[in-house]
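Two complexes follow with chain A in common, the first pairing it with chain B and the second with chain C.
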Partner chain A sequence: MNPSLVNVLLMAPALVLLAIVFAWPLLDSAWLSTQASSVLTGLAPLANDGANWQRLLGDARFWQDAASTLRFAGVSVGLELGLGLAMALVLHRPGRGRGWLRALALLPWALPTTVLALGWRWIYNDPYGPLNAILKAFGMAPYGFLTTPSSTWLFTVIADVWKTTPFVALLLLAGLQSIPAELEESLVLEGASPGQILRRLTLPLLRPWISLALLFRLAQALGVFDLVQVLSRGGPAGSTESLALYAYHNAMRFLDFGYSATLVIATFLLLVLLTACGWLLLRRRPLEISR
Partner chain B sequence: MRSLLLLWSLAPLAWQLYTSLVTPEALVQGTGVEAGAYWTLENYRQVWSAEPPIWRYLLNSAVVGAATTALTLALAVPCAYGLQRQGGRLRWAVTLTLLATAIFPTVLLFLALLQLARALGLANNLLALSLPYAALCLPLAVLLLRAAFADLPPELEDAARLEGLDLPQRLRHVLLPLLAPSLASTAILVFLFSWNEYPIALTWISRPELLTLPPAIARIAGSSLFTVPYGAFAAATVLGSLPLLLIVLIFQRSIVSGLTQGAIKG
Partner chain C sequence: MIRSMPEPFSPIPGLRIEGLSRRLGERSLLADLNLEVGPGECLALLGPSGCGKTTTLRLLAGLDPASCGRILLDGDDITRQDAGKRRVAMVFQSYALYPHLSVADNLALGLRIRGMAAKERDSRIASVLELLQLGELSLRRPAQLSGGQRQRVALARALLRQPRLVLLDEPMSNLDAQLREELRPELRRLLCGREQPVVYVTHDQPEAMGMADRIAVLRDGQLQQGGSARELYERPANRFVAAFLGRPAINLWPAAAGRQLGLRPEHLRPVPAGGLPARVQRREWWGNQQLFWLESAQGELRMLLPAEQELPESLQLGWQSEHEHWFDSHSGDRLPAP
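Let's turn to the complex of A and B:
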């Protein structure tokens, strides 16, 4: 048999399953977004001339959720990259028990998000959680970490940063391991300070890994669901509702599948747009540096 | 620096452990409670004998995790092998597809997958969950295993071919034994993903006794918004984390090297 045909046959089962689970749902949701499919139609699809999309454009809750999803993704991914780099540098340094340190640092990433989100709900509890106990010890009034509409999003960001920074750190650690130690030694011999080594050697060579971590985390953060559903339940006053959570509410609570599909596709388009922008920006940069 | 890192990673977890081991009075009043009424195992007794008991969710998650891991490896090994030997445009297209699907947030698939589950009668079926789970894990698994295949010297397989071994024999007797470390770390990562997945389990499973751990925990959290039994919650989170804690600590080398090696070569 033709060797290329054998390869295709070997890859086929996996690719077919991927098509069923990734491509078909996107096509199906795109089609469903042009249909009315809710309690009113008995959940049967019925063409409605783009009414879902018109509704989306005028839906203040959609625009608010889009803004808060972007805010969540931008701030948490930025923090994760900074902290992840610091964590990777610590985990890279040789020393006794480094394997154990890596495993323990990785724990928050390995445990289920819903489980940890529930844990954070208790940490943020007003008035009995540990954070409020600390405030009380300093003589301050208890703070509603999850009940203050203006600031709760920040506390969902902190929980997300805690949970996913280890993943970023692990990717960057892979990058650090690929940098030959001799390069750093030669810079040390030239009398470069740690800060200079970081700027001149480590960061430029880490760029591919930083890009990968950025793209991965950006896509995941734009689809944030587990964390906000369990930690803040989208509240208070809808201030932490993400696009994915809104889509979920439309399908499972309001039983409006057509509009839920519209939200899914709108989120998907936003995701493609942003990751494409990130990809283009990151692709051009390395060329400028090498010139 | 190291102790700061450990404090940041472990303090929230330690707080859960502490919460699970003390009485509600101790949680609320702090040091004012007398020693005898401070520590307790009551929270664990409560979640262990709840209806359904927590071990039921752990068992469900373990079953789904095992099925997903087996299915993913069965599909990913041939795919990774084919991809490694394939050249040209097809290789490039498949790799790009795998990368794109690897970063895709799974929650956007929930609506259509829910309809699929209803149409095919797969809802409330634990083993059926491993179908979408395997698909979601395949991109990472194939990329990791392809990098591992690329590491094997090509002469090895040529020699086995000259001995007259066909492809399944070469895989089973020559290539896969050498890939054991990569297979192990891939399997662990797939199991972790399956153990933690939430949106699809949430929408596919509605019968309480079939819930996997993440939706079960979220359901407990949603059931009592105002009078939250945090001690029992904490006991549930500790018990739900324990299997993974053991896996991470036992296999820490495989996990770290699997992810870092795969990222370097992938």
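Let's turn to the complex of A and C:
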């Protein structure tokens, strides 16, 4: 048999699977985004000449949500990379009980988001939550952590950073462990300080791992749904609503599937654009560690 | 450990190791090592893996702390000094080239860290690149170099910092046998005969004999014997040194009164009569010489002969008494001839 035909046949099951779970829903949504499909049409699709996309361009709530989602993703992913790197450097150091420490550090990431979001909602609870109990113990008045737009945004970022920093740390730890110890020792003999080692050796060698963590986290953060839904339902006054939440509201509350599909595709395009930018920025020749 | 007062005002040039030990929990990795390496002298630390030779090197470099003992370099006690301040250069077994930097940047990084002016840095790098014939490779990354080229870059990096002491950890073990032999004289030319002492770790006995002015044989963290290759070969201090140096290995057989007799394969000869009766089992023809495996009342023996010589199947073996090595069969220590 023709070898290229064999190749295609061998790959076919995987390609079919990918098409079913990935390409088909995407293409279906893209098609639906050009249709009116809501309670008004009896949920049946009706071509409406791109009216959904015109609506999107003039939809202030969409632009506000896009800005809020971007700000959320930018700040929380930035914090996660910084803290994750610090955590990975600590976990990388040899020492007693390091295995336990690593397992413990990973715990927040292993929890389902909904569960931890419920936990954080209780921590932030006004006036009965643990944080307010601490404030009270110091004689301060209870604080409504999730009552103003800016504080709700801030405490959502904190909850997200708490959950996903371990993931970044684990990825970067894997990267650190791929760097042979002699490289660092050789720099030590050259008289390098820990800061110089980090800047001249560790960070450059970690770059592929940092970009991997960045791409993973950016894609996840731009699609944030469960954390916001449980913590604040996008409130107060829709100020922390993410794009995914807006799409969900359109479909499940307003039963406007056509416009919801438009929002999903718009979010998808935004995500592809941003991750492509990130990838282009961080892409360089892959490093081979010479042995 | 009680030691006599060190002589404080005699800046002895070179490296001096006094009672150096390293313990890790209950395990002793190196016990009471005493050695001296003069300026420009090359000392090989030789021994099987786990014998403490790399441990010694890491203690000298300052990468691991010593449990006790002193390291004196040109009279200065550097035992507790930071690794970065010792001005000790080390060539690692893996060469430890920075994979993200070109050859030139690999060389420049250490000088940059020490804040050397760009002009002096560039001229130093240029001269070292020339010395090692690396000029046309200066823009390549380590991954684009062959094993021998990587070794030369690692060597260039070590020489560049004008160290007070050069350490090499099995620098040839990643190269194939032919390249190793070719590089030996080159390495000697570059390293030895400069002003700094060189400590060279290897488990390869011909390499130690070819490279070093003196050899220190280590076993289980204990120095067995130190001296020139010739001293070690001709008067091994114990059975271990006798067996570790020399290929094919020395013949050992039990003799009377708790003694063991050792005879090197090249010292056995067929004699017409009155010798040790033996039968030829196997013959390895090596081109320049040949190795006979013999069966005798003393067990299996090895005999090295010129390549042309033919042997009958049964023969008598003789040797000269000056070639006999006598060892205590219990402790393995060298004994005078009976």
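Operating definition for what follows: the second predicted complex is superposed on the first by the 272 of 291 C-alpha atoms of A that agree within 3 Å, B and C clash if a C-alpha of one lies under 4 Å from a C-alpha of the other, contacts with A are read in each partner's own complex, and residues count from 1 in each chain.
Simple rule for what comes next: a contact is a pair of C-beta atoms (placed from the backbone, for glycine too) under 8 Å apart; a residue touches a chain by one contact, two chains touch by 3 or more.
What you see is a predicted model; the values in this text were computed from it and never measured.
Which partner does A:Thr34 reach: the first (chain B), the second (chain C), both, or neither?
neither
Just to be sure I read the superposition right, which of the two partners does A:Thr275 touch: chain B = first, chain C = second, or both, or neither?
A:Thr275 contacts chain B only, not chain C.
Please indicate which partner A:Val21 is in contact with in the superposed arrangement: first for chain B, second for chain C, both, or neither.
So A:Val21 only meets chain B here.
Please indicate which partner A:Thr262 is in contact with in the superposed arrangement: first for chain B, second for chain C, both, or neither.
neither
Taking the superposition on A as described, I'd like to know which of chain B and chain C A:Glu185 touches: first, second, both or neither.
second
Of chain B and chain C, which one contacts the greater number of residues in chain A?
Of chain B and chain C, B contacts more residues of chain A.
Which partner does A:Leu173 reach: the first (chain B), the second (chain C), both, or neither?
In the superposition, A:Leu173 contacts chain B only.
Looking at A:Ala133, would you say it contacts chain B, chain C, both, or neither? Reply first, second, both or neither.
first
Tell me which partner A:Asp226 touches in the superposition: chain B (first), chain C (second), both or neither.
So A:Asp226 only meets chain B here.
I'd like to know which partner A:Arg200 touches here: chain B for first, chain C for second, both or neither.
Touch status of A:Arg200: second partner only.
Residues on chain A in contact with chain B in one complex and with chain C in the other?
Of chain A, no residue contacts chain B in one complex and chain C in the other.
Under the touch definition given earlier, write down the residues of chain C that touch chain A in their complex.
Residues 61-63, 83-86, 88-90, 92-100, 109-110, 113-114, 141-143, 145, 150, 161, 174.
Could you list, by residue number, the parts of chain A that touch chain C in their complex?
Residues 180, 182-183, 185-192, 196, 200-201, 204-205, 287-291 of chain A touch chain C in their complex.
Going by the contact rule set out above, which residues of chain B touch chain A in the complex?
Residues of chain B touching chain A: 1-2, 5-6, 8-10, 12-13, 15-16, 19, 27-28, 30, 75-76, 78-79, 81-83, 85-86, 90, 94, 97, 101-116, 131-132, 134-136, 138-139, 142, 167, 192, 195-196, 198-199, 203, 213-215, 217-218, 220-222, 225, 228, 230, 233-234, 236-237, 240-241, 244-245, 247-249, 252-253, 255-256, 259-261, 263-264.
For the complex, which residues does chain A have touching chain B?
Of all residues in chain A, those touching chain B are 3-4, 6-11, 13-15, 17-18, 20-22, 24-26, 28-29, 32, 87, 90-91, 95, 99-108, 110-123, 125, 128, 130, 133, 162, 166, 170-171, 173-175, 177-178, 209, 212, 215-216, 219-220, 222-226, 229-230, 233, 244, 247-248, 251-252, 257, 260-261, 264, 267-268, 271, 275.
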